[in-house]
Structure formats: C-alpha cells, structure tokens
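Structures given as structure tokens follow.
Below are two complexes that have subunit A in common, paired first with subunit B and then with subunit C.
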Partner chain A sequence: MNPRTRHALEFALDNLVWFMLVFVLVVFSIFIPNYFQLGIFANIIEASSVLGVMSIGLALVIITGHMDLSVESVAALGAMAVGILFCSAGIGLGVQLHPEWLMVPVSLLLALIVGGIIGVINGYLVVKVKMSAFIITLASYIWVRGLVLVISGGRSAQDLAPAIRWFGIQRLLGLPLTAWIAISCFVVFSLIMAKTPFGRHLVMIGGNETATFRAGIRVNRNLVIAFVLAGAIAGLAGWLLAIRTSGATANLGVGLLFNAFAAVVIGGVSLKGGVGTLPGVYAGVLLLSAINTAINLMGLPANFTQVIHGMLVLAAVLLDAFKQTIRQRLA
Partner chain B sequence: MKKILLAVFGILALAFATLTPAFAQSKGTVYYMVPTLLDEFQTGSVSALELFLKQVGYEMKTLNADNKTDAQQSQMNDVIALKPSAIILAAVDFNALKPSIEAARAAGIPVVEFDRQITSTPSDFTSVAGTVEIGYVAADQAEKLLKAKNGSVKGKILQVLGDPGDPYTLDIQKGFEEKMKAFPDVKIISVPAMQWEASNAGTIVADQMLANPDIDLIFSHAAHLSVAAVASLEAAGKKPGDVMLMSSNGAPVGLDLIRKGWLNVEVEQPLYAQAAAVAMFMDKVVNKQEIKPGEYEVLGLKSTVTKEAWGPNIKIPGAAITKENVDNPAFWGNMKPPSDTVKPIE
Partner chain C sequence: MSGAQPGMIGTQPGMSEPLLVLDNVTKNYGAIEALKGISFSIGKGEVVALLGDNGAGKSTLVKIIAGGLEPTSGRMLFEGKEFLAKSPAEAKAAGIETVYQDLSLCTNVDVVANFFMGREITRKFLGVPVLDEPAMEQVVKKALTSAGTRIPSLRTNVEHLSGGQRQAIELNRFVHFGGKLVLLDEPFAALGVEQTRRGLDMIRQVASQGIGVVIITHIMQQAFQVADRIVVIRQGVVAGDVARNKTSPDAVINMITGETLAGAGPAG
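This part shows the complex of A and B:
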C-alpha cells in the first residue's frame, strides 16, 4: 500500500462518524419531504446543544477509563436550581437582580457550582476511597434525581427570567445562542484535550493508569478534576435545558444519559478508555439529532427512535472493532 | 435533677395525651399507590387525597412506583401483608396490576381505583374523570377553535402525545381521534414525546412548525409539554395567538399559559372532586356496604355513580378552562384546595 492510500484510509477511519453524518443527511434530504431546509438543519444543531454539552463531560470521564452515570440527574438538578430561583411562575421564586444581565452569570455559576459539588463527591469517592465509578455514579444518578423531586415537590418552575431566556431566543447566523454555547464548548474542550498536558494526561490515564502514574503524572488529581469537570459541564447542560424549556419540571432530561452514552460511543470513544476525540463525539450527537428529527418528520412511532439508537450503538461498536483490525494491518 | 426528669416526663405525658385521641379518632390506614411523583397532577393527588381522607377520619400513606409496573406490583404485595383498611390504586399499567388487585381483594382488602380505570377485573370503587372522555372534551374544543379560525372545521392539528408506553396518553389520543373522525378536512399529525420529557416536546414542535408551517392547533397531552412547546414557538419568533394551543390535565403551568395568552384551552381533570369522591365513599368501601347508583354532588360538581361490570364507578366531568374562567378556584391548577369539609355518604 502506498503512503497516499494509507494516509487516505487513516483519515477515513479517524473521521468515519462525520462521513456517516453526511451520508445520513443526504439520504434524509432526498427521501423525507421538508427535511432539506436550513431551518431543519438549524433545529438539528439546536436540539443537540444540551445533549452535546452533557456528552463532553461524559466523554472526558470515559476517556480516563471510568464512567459517570450521574450526568443526567446533575443536569436536572442544575436546571431545577436555576428554575426555582429565576422562574416567576409555578414554584419559581422569581428572584430579580439589578441590572438584569447579572442574572445570567449568577444562574450559570449556580448551575456550575451545583454540578461541580456532585462531581467532587463522585470524584472523591471513586478516586480517594477507591470505590467503583459505576456504583458511585449510579447512586448519584438516583439520589440526585430524588433531590430534584424533593426540592421541587414534584411541581414545575416556569417562565424563566427574560434576561436568561434571551440565550434561547436570540439568534446568530440562524442558530440560537444556546447552540453557539455548545459549539464553543466543543471547540474549547477539543483544544484542551488535544493541545494541553492535562488533556493528554487524561488520555494516558485511560490507556494505562499504572504506567501514567510511574511516569510521574498525578493520576489521582487529574481524575478528580475529570469528575468535577463532568459534574460542572452537566450543570451547564442543565442551565441550557432550563433556557430551552423556559423552566424546569421534575422529569426534565429523563433519558438523556443513554443518548449521551450512545453519542459518545458512536463518536468513537472507547469504553475501555484511552481512545477518543471530542469532535467525533459532536458528530455522534449531531447524528442522533438528525435521526430524531427524521423520525419526527416521518411521523414514525417514537419507539423506532430507541430501536435505531440501539442499532447505531451496536453498529458503532462493530465499526470500532473493524477499525482496530484495519489499523493493526496497517501497522 | 428530679425536677428536670419530672418536667421531661410531664411533657412526654402531655404529648401522648394529645396523640392518643388522634389515634382513637382514626378509622384506619389507607395506602395510596401513586404511579409517579414526577408529575404535578400526581403530586397534587397525594395532597388532595390526604386532605379529604383526613376529613373523614382516615390516615393515608403513599407509595411511589416511579412509573415502574414491577415496583408497583411489589408495593401491592407489601401493602397486602400490612392489611390496611383499603388500597387506593392509580395503576402504572392498567392491565399488569390486575393480579395484584385480585390478590388484595382475596385478602379482604378493598381496592379503590383512582384516576386510571381498570375494567378487566372487579374493584370496590372507581373514581375517574375518564381519559377517553378527556379526549372527547379536547375534540369538542378543537372543533370550536378550528371553526372560529377557519370558518369551518378544517385545518391541521399537531398532537403531542406523552410517552407511547403510557396507556393514559393512548386513551386520550383514542378519544380525541375518535371524535375528530367526523371532520375529514382536519389532518392530525401525532408525535409522542418520549418519557413525557418537556424538551422532547419542544423539539417536536420546532421540527413540525418548519415542516408544516400551516399547523393551526397544537394539542399537548400535558400542560408541562405545552410549556416547552411555547418556548419553541417563542424561539421561532411566534407571538401569543399566532398558533392555537390546547393541553390536558389542568396543571398550574397550563393555567399560567392561558393567562399569558399562549394557551387557548386547558382540559381539566377534576382532581379535587376525584379525590373528594374517594373520601366520601371510603366508609362504604371499607365496611363493604353497597354503593347505590345515581347522581351525587361532589364539591359542587354533578357526578354519576353507575354499576359497571368492574364495580361501582363514579365519573366526574372534566372541564374546559379558557381565559374566561381560568381564575375559578375550583380548578386544581389554581392550587386553592376547597375550604368545605367533605362528609361521608350515609
């Protein structure tokens, strides 16, 4: 095999999920009436903003060889905290700050802190107490959702302060600002993962934790930071969710965890750790969103969404195995 | 020291003295098996049932099944072992709970069905607004709204269902579409919001408004879905009144949307009356006395008790809430529990 073919093949393997996304968009545009329009593509990007942000945090932890099942509930708690304080109807307290724009950083900080605290608890128990990440974050998934129910009493907060809601309404180049926030997060964290020692250390930890430790890298500290980041990013996803729905309900975000896992796996992140990039995850998120939109427009029973998601995850895992085989042959 | 001990015993004795009459007055414990607490109607039903049952002398305990059929079945088994005066069941799954109802009744524990009617096996009392009937009321309202807008009953309706695995939403859909069949010029697009999750409803509305910009009416099967629908419409630059909206269950958020001009109609489930009816007939249920068919007034609403194959059944009509009557305190969404005390039926 000549170097040019080899280079092309490696490029295709590295960006397989993007090719899948383009293929799916072309097929849907041809066969589904009304699919091919800028508004629908903007909807796909907008609808994937919450899931996308949540997937970043999840991917960071998975790349280190661990997992965080609590992100969905943490997002719901972040959304509910923002909803209770800054919504004016339902259980919202309608807190007003002057000048009004101050509500934006305060609500964002609140969601980040709420998420960060859960991340600290998860990180401490997993890294310092050496308990299984699966069990600890599963417990957090349950108790944090319970906490949402306790603080809301099962009721909802509605009518988010216009200053915060502005991010969901205001558009730039046809996309709401919430979508731009998600895109910015992907750009920033992709750079962190690719260009900073911290990002490279996370990948190394996922590849071989012992070897990384022996290389003098502070594994425990980096792992705790990964969990805290996952929590805080989930809090940010909650903030976006509250903006998107103009409030918060006790069941807000239910089902997002499995979609986030699907996006991360489809995006090429290995559940064993040490492998994966965030642009791939974003492509996975967009792919799921494109399929959801297609199902919405086709009027198919929604159960098909889950069947298709399941099949996609399975296909992604099989493709991943196939990619590894080809890479071994290329080596 | 002695004085302190005497004072402590004195306080304890006083506390017991105040507690004892309360125990003596209680006619027994009733368990309420609520399907979920992630929904304002269900949360409201817990407080309403507790309030009214207390007024007629019963203590109520609640178990939440988190929308899981198997969890509710296990809870039923546990409660049967506790031998309560009665069980009030709002079933997660209408059919799967049938064996549990039969087991409870075989153990001599009366079962009251609340909000979700089970017709496949007998029970001791059923208090419902009727989910299919909610669909009928919604269809009547849709007919009026479309006629007012288009001159005749024609147009396009986006129906945002709840979770497709929930019989509650399927029944509303059944009732709604059954009545709307009479109008062939009305096109109904039905899309389910998985797990009743609000942002899913928002996505559906955003997508459909692009694919079908001529949608006249959006009918969501719960008020919290309408909140997300409104958020999507707002993000698309729509103003109140640009697209007609309707939802069902009468939750507080729905009433707020009516006040803001976004929602045209909210089909109410008469939560307070449904709960009050259970309390009014609880003595008869517990003592296994006959419940006579006929008309009864429940919190001012004319309600009909009928003898059905599955047992006595009270049906309380749901109301259509519009901007004209939105402030009526009788609607549970206004969160003003009735001040009148419920009395047991003699």
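This part shows the complex of A and C:
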C-alpha cells in the first residue's frame, strides 16, 4: 500500500464519525420534508449544548482510562444550587444582586464550584483509596441525586433571574449564547487535549499508566485534575440546564448520562482509555441530536429515540472493533 | 585484587569517585526477604553488569534505585549525598534514567510523544505551555538516525511498531537524555543480533561521557562484552563483585549458582 492511500485511509478512520454525521444530515435532508433548513440545523446545535458540555467531562475521564458516572447528578446539583438561589418562584429564594449582571458570574462560579467539589471527592477516592472509578462514581451518581432531592424537598424552583436567562435568549448568528458556550468549551478543551503537555499526559496515562508513572509524570495529580474538571464541567452543564428550563426540578436531567455515554462512544472514545478526541465527541453529540430532530419531524413517537440511541451505541462499538482490525492491517 | 572487600567499594583502580553507593539495602515483602543487605557502588563512567538467577532480587534493586519501590532499610549515597527517591520523578530529577524489562511505552501515542514522555518541549502561547511538535520531531529524528534505528514514520503510533523498534526507542531515549546514572533492566530482550551489538556500543558511548551504567542481563557474553565490573546477586546478597578482566564466565556462573563462597572473587 502506498503512503498516500494509507494516509487517506487513516484520516478517514480517525474522522469516521464526522463522515457519518454528514451522511446522516444529507440523507435526512433528502428524505425528510422540511429538514433542510438553517433553523433546523441551528436547533440541532442548540438542543445539544447541555449534552455536549457534559460529554466533554465524561470523555476526559474516560480517555485517562477511568470513568465518571456522576456527571448527570452533578449537573442536576449545580442546576438546583443555582435554581434555589436565583429563582423567584417555587422553592427559589430569589436572591438579588446589584448590579444585576453580577448574578451571572456568581451563579456560574457556584455551579462550577459545586461540581468541582464532587470531582475532588471522586478523584481523591479513586487515587488514594485506589478503588474502581466505576464503583466510586456510581455511588456519587446515587448520593448526589439524593442530595438534590434532599435540598429541594422534591419540589422545583421556577422563574430564573432574567439577567441569567438572557444567555438562553440572546442570539448571535442565529444561535443562543448557551450554544456558543458549548461550542467554545469544545474548542478550548480540544486544544488543551491536543496541544498542551497536560492533555498529552492524560492520553498517555490512559494508554499505559505504569509507563507514565515511571517516566516521572505525576499521574495521581493529573487524575485528580481530570476528575475535578469533569465535575466542574458537569456543573457548567447544570448551569446551562437551569437557564434552558428557567429553573430546576428534582429530576432534572435524568437519563442524560446514557446519552452522554452514547455520544462519547459514538464519537470514537474507547472505554479502555487512551483513545479518542473531543472533536469526535462533538460530532457524536451532533449526530444524536440530528437523529432526535429527524424523529420529531417525522412525527414518530418520542419513545423510538431510545431504541435508536441504543442501536447507535451498539453500532459504534462494533464499528470501533472493525476500525481496530483495519488499523492492524494498515500497520 | 579480591572483589568485594569493604574497603574496595568504589575505589577500583582507574576509576573516579563513586557515583552511587549502596549500603546494606534491604527489602522485605511481608515475611519474605527479597534483599537481605546489598552493598556495592558504581563509579562515574563505569559499566556494572548485575547478574543473578531468576528471583535473586536484581529487578527489586533496580526499582529501589529508580524510585519505584522504597527499601525496608539501608541507605544510598548519590554523588556523596544521602539519597532516597520516593518516586520515579524524583529519581529522574536527580539524574537517574531507567529502562525497564517490560517496556515502558504508551502504545496509543506516536514515537515522538513516547520519546519525550514527561519532558515535552513547549513554548508559551499566551502564557500557556503548548507542545512544540516540530522541535521535538527534529530531535527524535536526529537521535534515531545517529543511532542507526530505522522507523518508517515518527508519527505512527507505537502499537504498530515491532518489539525491536520499541526497544530502540527506549534505548535512544536514555542515550539522548543521559542524566548521570542509567539503569538498564534486560534491555536487549527483544533485539536482534545487529541491534544488540549497536545497543552495546551505545552503552560504551554513554559511559565514555562519564555516565554510570548498571545493566541487568542474563546473557554472560553481553556482560563480558560491555561491563567494567560484574556484580553477582544471589538470594538477596552480593555474591561477587569483580573486575571483568580479573574473572571468567565460568567463575561468574559459579557465583550465580552458589558453588563458590560468597564474595570469593575471581578464579584467575
């Protein structure tokens, strides 16, 4: 095989999920009436912002060879914390700050810190107690959701302060600012993963933890940072969720974890760690969102989405195995 | 001269001051004594071959020096100062490079990333350290070419490379970064004849720069080809510490299997 075809093939394999996304969009545009509209495409991006942000944190931890099942509950906790403080109806306390815009950084910081704290706990237990991240974050998934129920008493907060909600209403180039926040998160974290020593170290830790330890990389420190980032990013996802629903309910975001997992796997991240890129994850998120939109437009019952998502995850895993075989042939 | 008299430690003729001195280093795993008290030294620019049967404690010793394991008791002097590496990072910072028996490469990233693992070249962009890929690739290309190692593309992931190519990356890595002391734990296990010869040359070349080298090997011939001194470990103690030109393979084999008394030294 000459080097050029080989390069082309490797490029195709690395970006397979983008090709799938384009393919799906083209097919839907041709066969589903009214699908091909700028408004629809904007809606696909907009609808995927919360899921997208959450997937970044999950992907970071999976790439280092670990797992964070708590992101969904952490997002709900972040949203509830913001909701209780800055909502004026329901269980909201209606805290007012002057000037009003001050509520934006304060609420955002609150969500990030709440998420970060859960991340510290997860990371510390994984690194120091050396227990499986799967079990520790499964526990967090349960107790953090429980905490949301406890602090809300099962009730909800409504009417988020307009200064914060502004992010979900104000549009730039046809997209609400919340969508731009998600996009910038993908850009920033993609750059961190691809261009900085920290990102490189996370990928290498996912590949061979012993080797990185022997090479003098501070593995434990990096792992804790990854968990804190995942928690803080989940907090950010919660902040976006609160804006989107203009408040918070006790069962906010239930089921998002599985969609995030689906997006990460479809995006080409290997659950074994060390493999995967964030642009791929974003394509996975958009792919899920594009399919949801198609189901809505076709007027299919929403229950179909779950069946299709499940099949997509299965297809993604099979595809991953298939890619492995091709790569081995290439070598 | 008789190998392992206490007064002789680190003072062999023709050798400069000792680089690393081990003084009665022990390691217990529960009730099992892996090392019962190891004492020997390595000089600057000296190549020491560490020999011993399986389970004699060679790899344990290397891990203790390299910061992967903490000794149960005993002390080490590195460049005349008390030394104990609590992590490989500390050992590396002190100038100790290690090539382990089971390869320490991340197969999911490319050759360049592996070569610079943990000490990437960066430049600042808006105050943030950013990987300087062209600079790193340049260095790796130069290092591999000068060592005569051929790898089709430095940007292929290591998982696609052969065992020999992988080992070559590790060997070239220590030659490039050098440090003050290099520990090699069976470095040639996956290498062919020609690559092994080149690897042995590399070791001599590294030693000639004043770097101390400890090489663990099972192959007597390699030990005699490259080492200045041969240290034999048996059942957790030093069973022999002799200059290469004062001993013979048969004598060393006897030390390894325990047919002469501990520290009995050369047979000729």
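Everything below uses one rule, namely that the second predicted complex is superposed on the first by the 331 of 331 C-alpha atoms of A that agree within 3 Å, B and C clash if a C-alpha of one lies under 4 Å from a C-alpha of the other, contacts with A are read in each partner's own complex, and residues count from 1 in each chain.
What we mean here is this: contacts are C-beta pairs under 8 Å (C-beta built on N, C-alpha and C of every residue); 3 or more make two chains touch, one makes a residue touch a chain.
All of these numbers come straight from a predicted model, not from anything done at the bench.
In the overlay built on the shared chain, the residue A:Ala47 is in contact with subunit B alone; subunit C does not reach it. With both complexes superposed, B is the one of subunit B and subunit C in contact with more subunit A residues. Look at A:Val307: by the touch rule set out above, it reaches neither subunit B nor subunit C. In the superposition on chain A, A:Gly207 makes contact with subunit C only, while subunit B stays out of contact range.
Of the two partner chains, subunit C is the only one that A:Arg218 touches; subunit B does not reach it. With both structures placed on the common chain, the touch criterion links A:Leu102 to neither subunit B nor subunit C. Of the two partner chains, subunit B is the only one touched by A:Gly253; subunit C is not. The part of subunit C that touches subunit A in the complex is made up of residues 66, 68, 87-89, 91-93, 98, 100, 103-109, 113, 117-120, 122, 128-131, 156, 159-160. On the side of subunit A, the complex with subunit B involves touching residues 33-35, 37, 39-40, 43, 46-47, 50, 89-90, 149, 153-156, 158-159, 165, 168-169, 176, 241, 244-247, 249-255, 292-293, 296-297, 299, 301-303, 305-306.
Looking at the complex, you find that subunit B touches subunit A at residues 37-40, 42-43, 164-165, 189-200, 202-204, 206-208, 210-212, 224, 227-228, 230-231, 234-235, 251-253, 256, 260. Contact residues on subunit A toward subunit C in their complex (touch as defined above): 195-197, 200-201, 203-204, 206-208, 210-218, 274-275, 327, 330-331.
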